[in-house]
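Each in structure tokens, the structures are laid out below.
Okay, so subunit A shows up in both of these, paired with subunit B first and subunit C after.
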Partner chain A sequence: MKMRSLGYYFKLYGVFVKNCVAASMEYRFNFWMGIGVEIAFLCAKALYILIVYQTNLHIGELTPDHILLFIGTYTMMTGLYMGLFYVNFVRISQYVQGGTLDLLITKPVSLQFLVSLRYIDIGLPIPNILAGAIMVGVGWHRAQLPLNWNLLGYIGFIGIALMITYCLMLLPALLSFRYVQTGAVTEMAHSIWDANNMPLDIFPMWLQRIGVYVIPVFLISNYGPKFVMGMLNLWDILWALLVPVILFILVRKCWSLAVRKYSSAGS
Partner chain B sequence: MSIIEVNNLSKTFTYYEKKAGLRHSWRHLFHREELERHAVSQISFNIEQGEAVAFIGPNGAGKTTTLKMLTGILHPTSGHASVLGYTPWERAKAFKRNFAIVMGQKSQLWWDLPANESIYLNKCIYDIEDRIYQDTLDELAEMLDVTRLLGVQVRRLSLGERMKMEIIAALIHQPKLLFLDEPTLGLDYASQKKVRQFLRSYNEQKQATIILTSHYMKDIQDVCSRAIVIAGGKIAFDGRIDAMKKAFGDYKRVKVRFYEPWKEEEVYQWLGAHAVVHAHHGDTLDLQVEHEAIKTVSRRLIEHSGVEDWSIEEEPIEESIERIYVQQSKERGLNVGQEQSRAAELQSLEA
Partner chain C sequence: MRAVLTGNKYVTAFTLGMQSSMEYRLQFFIGLFNLVFPIGLQCLIWTAVYASQDHQSLYGYDYGQMMLYTVLAGIVAKLVMTHLEHTIAEDIKSGGLNTYLVRPVSYFGYRLSAYMGSRVVSDTILIIVMSVVIGIAMAFHIGEMSLNRVAVAIITLVLASAVQFLLTYTICALAFTLQEISYFFVITTLIVQILSGGMVPLEVFGEAANQWFNLLPFKYTIYFPVNVLNGRLAMNEAFQGMLIQLVWFVLLIGASRMAWKLGLKRYVGIGG
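Now for the complex of A and B:
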């Protein structure tokens, strides 16, 4: 039954992706212009590589090659967040304000799934993911890191980071059910997100602890590269595996409470 | 057994009031007095399988709130309800599979895609078999006469065509129970008529239960056999539509044309307390007459030499309902602004 359910949700997600791609293709001019703009953005993002090497930035034992690995992971995760989640989370406030949630609530499918994953922006993540992947590739190669099971581990950590991103960034959006407009909280969440732009080693130890154990935002783009560089111990890995589970349970609870608070809008 | 059972269902909303002006906005930032509005107050009713029931009432009466509680969108403040054997606000997936809701002011269609893409998404959500899906889609599209429009981008459809697509999307899983919240809102007469015909035949052919809210009496009379009038969050009437007139006062409308213009006070002198002038334009007179007084008024009209022509008609049902709205307003001591809002409501009802 669980497997059937999983298959059912994958199939639905496939229809969401198809609809989003088809919807963007309905406007031909915008579609082709969008691709052109994304290519330009991709070139701009690639300049990061030059900047890192020209400034010859070193953080502790981390060389520019290692730092590029961190920045590349951050860039990739930003693309995934913007393309897969942000487009949905930003709509929650509109759903609550306009009462659009009414019709979604009546569908025999997880409301959280429907609301938080219904839209996918194909254009937004492309330059970030490609540029991020190139940065990771260059950093990995130049730092002479082995390309063995490390790669599988890295991909696993990207999956964990995706789960953490989903949960951490959805939580502030849920405040919309109570306060309707929550733009300020979203801005704050994005500022915290930007702290991932650099390796966590640049922050004081107390802030690192908060970013790993209280609001585990540093796990998103730090743990993947650290794993590849052999800088994670067993406890770190176990913690990284545990965090998405804890956060997902927390999000489910908060979601249920938030939806119960939903008072719809006058019609 | 009843398909819907409602017992003492209530819903109270909290809200804030603020006077106009920046000074009050500033004060409002620090202190807000929370007020309560009883949108629905201890209503009870049952609905049987296959019934078509109209919820009638002015704006803010509690119709849509009741509908939202019965579909699980809102949690009630108190009371119980059972719909298809489920408690709606528990939102069980099995419950949701068996009903559909169409809201005239809200859309489930993807604006940038042809309607068939949104309908296909519903097919996947409701996990409908391919053959059943295709048969149902063909049947519904044919009934609503929109087969050729299924592949047209939703934003390029007219309001009436879009509503028909909304109905198809809502009914693709063949629900036993259909909630419709003002489905003909803003539609032209031809589209309204088509939607009404469709709902009537869907109700008859599929034995589906229909709960309808509308401000158009034609919708209610054509689709439903029973009406529940809600005013001020309470049920003011529950019964057959043809019994509503008697419940709200059995009046006739007498239209008289004179050879020459008359003054209103002359009419009252002539007819006494037997009739109330509803409208008076020079030589034409529109009278509201109680059923018992119709013989007396007719006799006086026949005997009067100044009367050129006259007719007796049934009073429009919306005017019967108007009385209960006005009565409720008076009982609740509503202010002038609210009365004006009610008047606007009644105008739309008459339209």
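Now for the complex of A and C:
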């Protein structure tokens, strides 16, 4: 099949976004309920902030304001994950079980692109991104961190985190090609994701190494704040740049393997 | 006796529930294993919190008690939370409820039996895990545990499960009225978990909030049984709490019956 250009995919993604915005305006109740759900989850996250400030928690050099920066980054990343990826990844098992994938395979675009990025939820990320950005802003200001090129670096690390999130969270969803029920594995992936709720420094060293080098989940919401605080060395930055590339290659291989094993099950 | 039992429709529902819970065994065991992550994360957070403090005690708990609370609350939450909302709502939305309405079977009885059956294996494993935790706590003199206390805690746990089941069943009646209910259930489950002390001890919310929590049934599902078990509540407080659990049990039976009666009047069985 002819390889489409990157520009074509950006244009197509724009159409997906437009369609999803129109759809969310059509079903307004769902839109508002989605926001309600995320606000409820935010309340749960706010409990940790309450504990951090009530107990004046210090983790090594990190003050409660620094920790707020970490929690804010995690909250923003959760919003981006929910809005951009989660809504697609939960559908994969339905595509496989219902046989919808048969139809999607015939489309003249990358199947992985279509399956993993077709839908965008506008309602789900709004509370998380807003609240997360406020937490980051407040934490940054109160911790008296400089607002210079650090901000660009922070945004860069958010971009890296987004790519890592896509790859890491897509992998469990690919098990749908092999197993009928993958809910527990997804739940496990979400539990591991929640480990980002606090700075990685609260974990024992062996777990930190696993979370950075084996399943690099700690890069998602730790490296941005650590970069701003000047806590990353050159090797850490290089590793953060390398991880999305390695993971993307891995995901592509796993995707190809999963699709090769796919046999139509539904209509 | 055996013939009566095997012929009983609710015993059959119980057996079916047990069988279906073991249908996807890998999923089942991974689901149980998942308990480790949130509990582990919370233990690490509390460890960091206590390590950065000069005080021995926070929110009235010393470090050992807080660890014990966190572990036991995680296990008790898994024991009492039903997660039946979506199944019941789907029956109401898709018309699956018709199947039960036209037959000589109580939907409540069927769901309760199937639910109890589905919990046999998982609850047995959870009780074994909880016994190990209690054994370790006793060995290291964490909390004030005794066999009498464990016996009382078992009764509070049974009552907590009953209250939680009835709460869920009552909330599910909203599916007769609301068009899109799945989001609503996510919100209620989360709120119930926070207010019942499933995430952090209720003392974190302060005294004023706790005065309000006393008026609600939620704290009697997780916070109360855990604190009976770990010895933070005196025996007379434990019996007082059990009485309140019983009151909520009776109130919720009435509330669920009324909610379902009203709901069934509005019910239009499409599909099924």
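One rule holds in what follows: the second predicted complex is superposed on the first by the 237 of 267 C-alpha atoms of A that agree within 3 Å, B and C clash if a C-alpha of one lies under 4 Å from a C-alpha of the other, contacts with A are read in each partner's own complex, and residues count from 1 in each chain.
We adopt the following convention: contacts are C-beta pairs under 8 Å (C-beta built on N, C-alpha and C of every residue); 3 or more make two chains touch, one makes a residue touch a chain.
These numbers were taken from a predicted model, which means no experiment stands behind them.
So which one touches more of the residues on subunit A, subunit B or subunit C?
It is C that touches the greater number of subunit A residues.
Examine A:192 and indicate which partner it touches, taking first as subunit B and second as subunit C; both and neither are also allowed.
Touch partner of A:192: subunit C, not subunit B.
Just to be sure I read the superposition right, which of the two partners does A:147 touch: subunit B = first, subunit C = second, or both, or neither?
After superposing on A, A:147 lies clear of both subunit B and subunit C.
Kindly classify A:249 by the partners it touches after superposition: subunit B alone (first), subunit C alone (second), both, or neither?
neither
Return first, second, both or neither, reflecting whether A:155 touches subunit B, subunit C, both chains, or no partner chain.
After superposing on A, A:155 lies clear of both subunit B and subunit C.
Return first, second, both or neither, reflecting whether A:37 touches subunit B, subunit C, both chains, or no partner chain.
second
Applying the document's definition of touch, where does A:99 land relative to subunit B and subunit C: first, second, both, or neither?
first
Examine A:19 and indicate which partner it touches, taking first as subunit B and second as subunit C; both and neither are also allowed.
Only subunit B; A:19 stays clear of subunit C.
Once bound in the complex, which stretches of subunit C touch subunit A?
Subunit C residues touching subunit A: 24, 26-28, 30-31, 33-34, 37-38, 41, 44-45, 47-49, 52-53, 58, 179-180, 183-184, 186-187, 190-191, 194, 199-200, 204.
Along subunit A, where are the residues that touch subunit C in the complex?
Those in contact with subunit C are residues 29-30, 33-34, 36-37, 40-41, 43-44, 47-48, 50-51, 54-59, 179-185, 187-188, 191-192, 194-195, 197-198, 201-203.
Considering the complex alone, what residue numbers of subunit A touch subunit B?
Those in contact with subunit B are residues 8, 11-12, 15-16, 19, 22-23, 26-27, 99-100, 102-103, 105-109, 111, 260, 262-264, 267.
Where on subunit B is subunit A touching in the complex?
Where subunit B meets subunit A, its residues are 13, 64, 68, 71-75, 91, 93-94, 96-97, 99-101, 103, 105-108, 110, 112-113, 117, 120-121, 124-127, 153, 181-182.
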